[in-house]
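Shared between the two complexes below is chain A, which pairs with chain B and chain C, respectively.
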Partner chain A sequence: MQYFMQLVISGVAIGAIYGLIAMGFAVIYKSTGLVNFAQGEMTMITAYIAWTISTTVSGNVFVVTFGAILAAIVLGLVIERIVMRPMLGEPVFATVMVTIGLAVILRSSINFIWDAYPHGLDVGFGRSIVRIGSIGVRTGQIAVIVTLLALLAAIWAFFRYSKIGVAMRAVAADDRTALLMGISATRVHALAWAASSVIAGIGGVFFALSYDLSPAMFQLGLKAFPATILGGLDAVLGSGLGGLLIGITENLAGGYVGSGMKEVAGFAMIIVVLMIRPFGIFGERDIERV
Partner chain B sequence: MRTGDFKQTYGELVTLVDSPPVWLWSAVLLAGLIAAPFVLNSYALSFLMIILITVVGALGLNILTGYTGLISLGHVGFLVTGAYAYAVLVSKYHMHPLLGFLGAGVVPALASLIVGAPSLRLKGLYLAITTLAFSFIINTVILEARWLTNGARGISVPRPEIFGLSFDSDAAFTYLCLGFAILTLFATLNIRRSRVGRAFVAIRDNDTAARVMGINLHAYKLFAFVTSAFITGLSGALYGIYLSFVSVEGFPFLLSIEALAILIVGGLGSALGAVLGTILIVLLPEATRFAFSLFSAQIDAVFTTGAQELKSMLYGLVIILFLRFQPRGLVGAWHDIRRMWVNWPLRY
Partner chain C sequence: MMKYLATASLLLAGMYLSTGPTLAADPGITDTEIVIGDVEPLTGPPALLGVAASIGHKIAIAEANNAGGINGRKIKYVLEDDGYVTARTIQGVKKVIDVDKAFAMLGISGSGQSIAVMPLLEKSGIPTVIDVAPVKFLWEPPRKNVFVVGQSYEEGIIHLVNYLAEKNPGKKWGLITQDDDYGITVRDGFDTVVKARKLNVVYSGNYKKGQQDFSSDMLQLKESGAEVFLAGGIIGENIAMMKELEKLNIKPVVGIFWPGRVEPVLKLMGPAGDGIYAVDYVEPFAGPAGKAFLEKAKGLLPEAEIKGINRYSMTGYAAAKVLISAIERCGKQPTWACTISELEKTRNVETGIMAPISFGPGVRFSNQKLQIMQSEFSTLSFKPVN
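Moving on to the complex of A and B:
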C-alpha cells in the first residue's frame, strides 16, 4: 500500500508538469486551431534560460521565476511574430509543418547555445524532503502541484470573466465573426502564444528543479501529448487534469509492470482514448456542417 | 508557337508521361545511373546509394502525405520495423533474401493496420500524433523483445545474394537499390493514375466531397497508410543492409522529419518532387559544409563535432523557408521555369 501511495504521489508530481505543458498545447489549439509541435522545445528553452539566470545573475527564487516568465513571454511573442504570423491564412497542414520545423531548430540550438551535459537547477528550494505520514515528498513536487491547481483556477476565471478571455473564446469559436465584432485575431494569437509559452515554461522550470536539465528535455512535450489528447485538445482545464492522470498511470505502469512500460504507457493510452472518445474527456465533439 | 498543353481525352489525363521526350531523357538518366558506379569514387557512390534508398522511403511517405494529405510523424517506426523484419528473417533464420524483403514490407504493413485502424477514423492531426506515439512504442518493443531482436545489441546484416548474384560490392548493391527505386517509382506513378490514386487525391482535396461521391474514406485512408508502410519498410531493409548493422540507434527520430522535409522541399503530392527533394536534402548537409569550409576551417570543425545538430537545424530551416516562400516545392519552381521558357516573351 505504501509503495502504491508513493507511486501515486510521485505520479501526481510529474503529472502536474505534464499537465502544465498540456495546458500550453491546449491554449494554442483553442485560439489558433493548430497543434504546436514545438511546445516541448519551448519548454526546454525556458528552463535553460532559468538555469542561466540562476547561475549568472542570482539564485534567488523570485529573480529566477520573474526572469523565466519574462523570457517565456518574449520567446512566445518572437516565435508568433517571426515564424507563425506570416503563415496566417495558410492551410493547417502547412502551419503545423512549420511548428515541426521550428521544433527541430529549437531542439538542436540547445547544443550550440548551451551544452549537451545535464545540469541541476539550484534555487535553494525544492530538493528538501517533507514527510507526510510515512511517505516522503520533495518540496518542489508539492510546489508544482499547488502551482498547477492555482493556474487551473486562474485560467478558468480568465476565460470566464475577463474581456480578453472572452475574446479568445470568440476567436476559437468562429474567427470570422470575431473579426467582424472588432476583435483583433493577430493580437489574440500573440497573446495565446505568450500565455502558452509561460504556462509550459513554468512546467519546464519545475521539471528542472526536481530532476535535471538536459537536451533530451524536449521529450516532455511528447509526454504531454497524451495528456492533452486525454483531456481534450480544446479543453485547457481538461488538459491540466489529463496530465495528472497520465502521470499516475505512467508511474503505476512503471512500478508494477516494468520500466519499459513507463515510457510507452502514455502513448498506449492515446491510442485507447482515440478509439473510445477521440475528442477527449472534456473536449467538445467536432460536428461538421456541409 | 506552342500555345498550351491541352488534354482532349480522359486517356491523356492519365498517361504516365505527357510528352514523348520525357522517355528519352529518362533513358539517358538511367544510362547515367547505370554507368555511375564505374565513374564515381566510393565516397560519391555512398551518396548515390543513400539517395536511391531514401527515394524509396520518400515515395512511400508521399503516398500517405502527398497523395492522401495525412501527416505521419512516425515513419521511422516503419523504417525500423522493415529493417528488423529483414534482419531477423535473413540473419537469424537464414531465409532467402527475397523472402526477407517480402517480410520487410509485410511486417510494417501489419503494424500500420494496428496503428491506422483506430486513428484513421478521425480527422485532422490525430494520425500525426498516433504515428509519433507508434515510433516510440516500437523502439521499446524492439528493445524488450530480446529473444527475437537481440535487444540493444542489434543484428548484423550481410549484403544479400539472390539467385547466385552477389550484391556484395558497392557497385552491385547500388544496382539493387536502383532496381528498388525504379520499381517503387513506377508503382507509385501507377497508383496515382489509377482509380485508387484519384480517390486518395479526392480525400486530400476535400474529404467531405469525396465521401459524398461514394469514396469509403476509412478504407482508402487505411489502404494509403498500409501501402505507405509497406514501401517504407522496404526502404528500411535496404538502409539496414547499407549500414550492415540494424539497431534502434541507427534509426533516429530525425529520419521522420527528414522524410517530411524531402516531401515539402520537393513539392507535395508529386513523385518527381519526392525524387528532387531527396537529392536536395541528402546533399544539403554536405553542400553546406563545403560552402562553409571555403571560408574558414574553424566552421568546418563545428560541422564534424555537431554534425547531427546542424543537420536537424538545416532540415528545420528548409521546411520553414520552403513552406513560406515556395510552398509548391522544387517541382513548382520547375513548372514555373518551364512555362516561362515556353511562353517567353509572353507571361501566360
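Moving on to the complex of A and C:
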C-alpha cells in the first residue's frame, strides 16, 4: 500500500505540473482556436527568467514570483502582438506552423542567452523533504498541487463570473458575433496569450523548484499536450485534471509494469479515451482538430 | 607545330616541378593560414558537451597561435552547430570540407553523429581527430584518415563496475540505462562484468531519452533492495535520480559514467551527490593537472568561455594538441598525406591532462588509461581514489 501511495503522490506532483502547462494550451485554444506548439518553450523561458531573477536581483520567493509572473505576461503579450496577430485570418495550418517555428527559436535562445548547464532554482523554499511515515515528498511538490487546485477554482470562477471571462467564452463560441456585441477579439486574444504564458510559466517555475532547469525542459510541453487532449482541448479545467490523470497513470505504469512503460502509458491512455470521446473527457463536441 | 607543343610541354613540366608542392597542396592551407573545421552541438541539451569540447579546441588553437602558429601559419577555427541532429552533422561536415575548405577536422558531435559522417570523412580523406564520443565503430576497422582520442564507453563501464564489485563484494546490484545507443553500450559493459563476476542484479531499468521524472524508477530500485546502483543517465537524469533517492531516504553506492562527470552537477544533486563514484580518462579539475589547465585557459580565452569548461574541454584540448603537433611535424608544406602519416607516428604525446597519447600503424585509437574518482559535496569536486 505504501508503494502504491508513494507512486500516486509522486504522480500527482508531476501531474500537477503537466496540468498547469496543459491549462496553458487550453486557454489559447479556447480563445483563439489555435494549438500553441511553443507552450513547452514558453514554460521553459519563464522558468529561466525566474532563475535569472533569483540569481541577479533577489532570491526572495515573493520577488521571484512577482518577477516571473510579470515576465510571463510580457512574453505572452509580445508573442501575441509580434508573431500571432499578423497571422489573424490566415489558414490554421500556417498559424500552427508559426508556433512550431517559434518553438525552435525559443528553444535555441536558451543556449544563446543562458547556457546548456543544468541550474537549480533556489528561493529558499521547495527543496526540503516532508516525511509522512516512510513516504517522502518535497515541499515544492506540495505547493504545486495546492497551486493547481487553487488555479482550477480561480479559473472556473473567472470564466463563470467575470466580464472578461464571459467575453473570452463569447469570442471562443463565435468571434464575429462577439465583435458585433462590442467585444474586441484582439484584446481577448492578447489576454489569452498572457494568461496562458503565466499559468504554464507557474508550472515551469515549480518544475525548476522540484527538479532543475535545463534546456531539455521544453519537453514538458510534449507531456502536457496529451493531458490537454485527454481533458479536452477546449476545456481549461479539464486539461488541468488531465495532467493529474497522466501523471498518476505514468507513475503507476512505471511502478507496476516497468520503466519503459512510463512514457508510453499516458499516450496509450489518450488513445483509449479519444476512441470513446474524441473531444476529450471534458471537451465539447465540435472542436476543430489541427 | 610539334616543336611548339614540345616547348609548351617542357615549360609546363618546368612550372610544375618548380611550384609542385604549392600546386599539389591540399585544401584549407594558404601561406598565412590553416583551417581546422569542427561540427558540434552548440544548441540544445547536448551543447553541454559540444560547447565544452569546442572550448578545448580553442584553447589548444589559441596556444598554438600565440606561439606563432603552425610553422608561421595561423590556425583558423571553423565551428558549425548541428544541434545534435545527425542530418545537420552531415550537412555541417560537408560545408566545412567543401565550402570552408578545411585542412583537418576535430570533434565531431556525438557517437551516432560521428558514425553517420564516417563515410563522408573516409571519402574526402581529410585528416580527422575525434574526441567527443569514442565508440568502437570509429576505430574498428581502422580508417586511414580518422583517429580517435579517448577510451571506449564499454571499457569505461567495465572498469567502473569491476572497481565497485571489488569494493562491494556480495552486494545486490541495480542498473538503469537510456533507450539509445549510449544506453546499449553502458548495458553491454555492465553485462560483461555481471557475467564474469556473477553479480546479483536485482533491478534493471530502461528509461526513454528525455525522461525527467524518475520517481517510479527509483521507487522500484528501493523495493528491489539494490545496494550498488549504476546510474546510466547523462546529466539531468542522474541529478533527478539522486534527488529521488534522497527523497526515498536510501543511499546505495552509486556509480556514474564520464558524460555525467561534470562538476556543476554535484551542486544540483546537493548532499545526495556526495560519495558518488565515477570513471574517466581525464584528470579531475580539483587536482594539480586540472588546476593548471584552468589557469592556462584563463590566459587564452575570455571569461564567458571559461565558464563553459568541463571534462570535454580537456578531451578537446588533447585532440587538438595531437593534431596541431602532427601538422607541425610536416614542416613548411604540410599535406593531408603527411599529416595522416605524422598522426600515425604520434608517440607518447604529453597533454598534461590525460595519459600520454599514442597511435601507430593500423592503430587509430589512443586507448587512454582510466581512473576512478569519487565526488565530494563539500568541495563540489571529484577526487581520484585507489
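Brief remarks on what is shown
Heads up, the rule we're going with is that the second predicted complex is superposed on the first by the 284 of 290 C-alpha atoms of A that agree within 3 Å, B and C clash if a C-alpha of one lies under 4 Å from a C-alpha of the other, contacts with A are read in each partner's own complex, and residues count from 1 in each chain.
Operating definition for what follows: a contact is a pair of C-beta atoms (placed from the backbone, for glycine too) under 8 Å apart; a residue touches a chain by one contact, two chains touch by 3 or more.
Treat the numbers as computed from the prediction; the structure is a model and nothing was measured.
Judged by the touch definition given at the top, the superposed model places A:Gly254 against chain C, while chain B stays out of reach.
In the superposition on chain A, contact of A:Asp212 is made with chain C only, not with chain B. By the document's definition of touching, of the two partners only chain C reaches A:His119; chain B does not.
Once the two complexes are overlaid on the shared chain, A:Ser108 sits against chain B and chain C alike.
In the superposed pair of complexes, A:Ile132 makes contact with neither chain B nor chain C. By the touch criterion defined above, A:Glu263 reaches both chain B and chain C. Applying the stated touch rule to the two superposed structures, the overlap between the chain B and chain C interfaces on chain A comprises residues 107-108, 111-112, 222, 258, 260, 263. Within the complex, the chain A residues that touch chain C are 3, 6-7, 10-11, 13-14, 107-108, 110-112, 115-120, 127, 129, 131, 134, 136-138, 207, 211-212, 214-217, 219-220, 222, 250-255, 258-260, 262-263.
Of all the residues in chain B, the ones that touch chain A in their complex are 69, 71, 73, 115, 118-119, 121-126, 128-130, 132-134, 136-137, 140, 143-144, 208, 254, 257, 260-261, 264, 306, 308-310, 312-313, 315-320, 323-324, 327. The residues of chain C lying in touch with chain A in their complex are 42-48, 50-51, 83, 176, 179, 205-208, 210-213, 215-217, 219-220, 223, 235-236, 239-240, 243, 246-249, 262, 264-265, 267-268, 270, 307-308. Contacts from chain A toward chain B in the complex involve residues 35, 37, 83, 86-87, 90, 92-94, 96-98, 100-105, 107-109, 111-112, 222, 225-226, 229, 258, 260, 263-264, 267-268, 270-271, 274-275, 278, 286, 288, 290.
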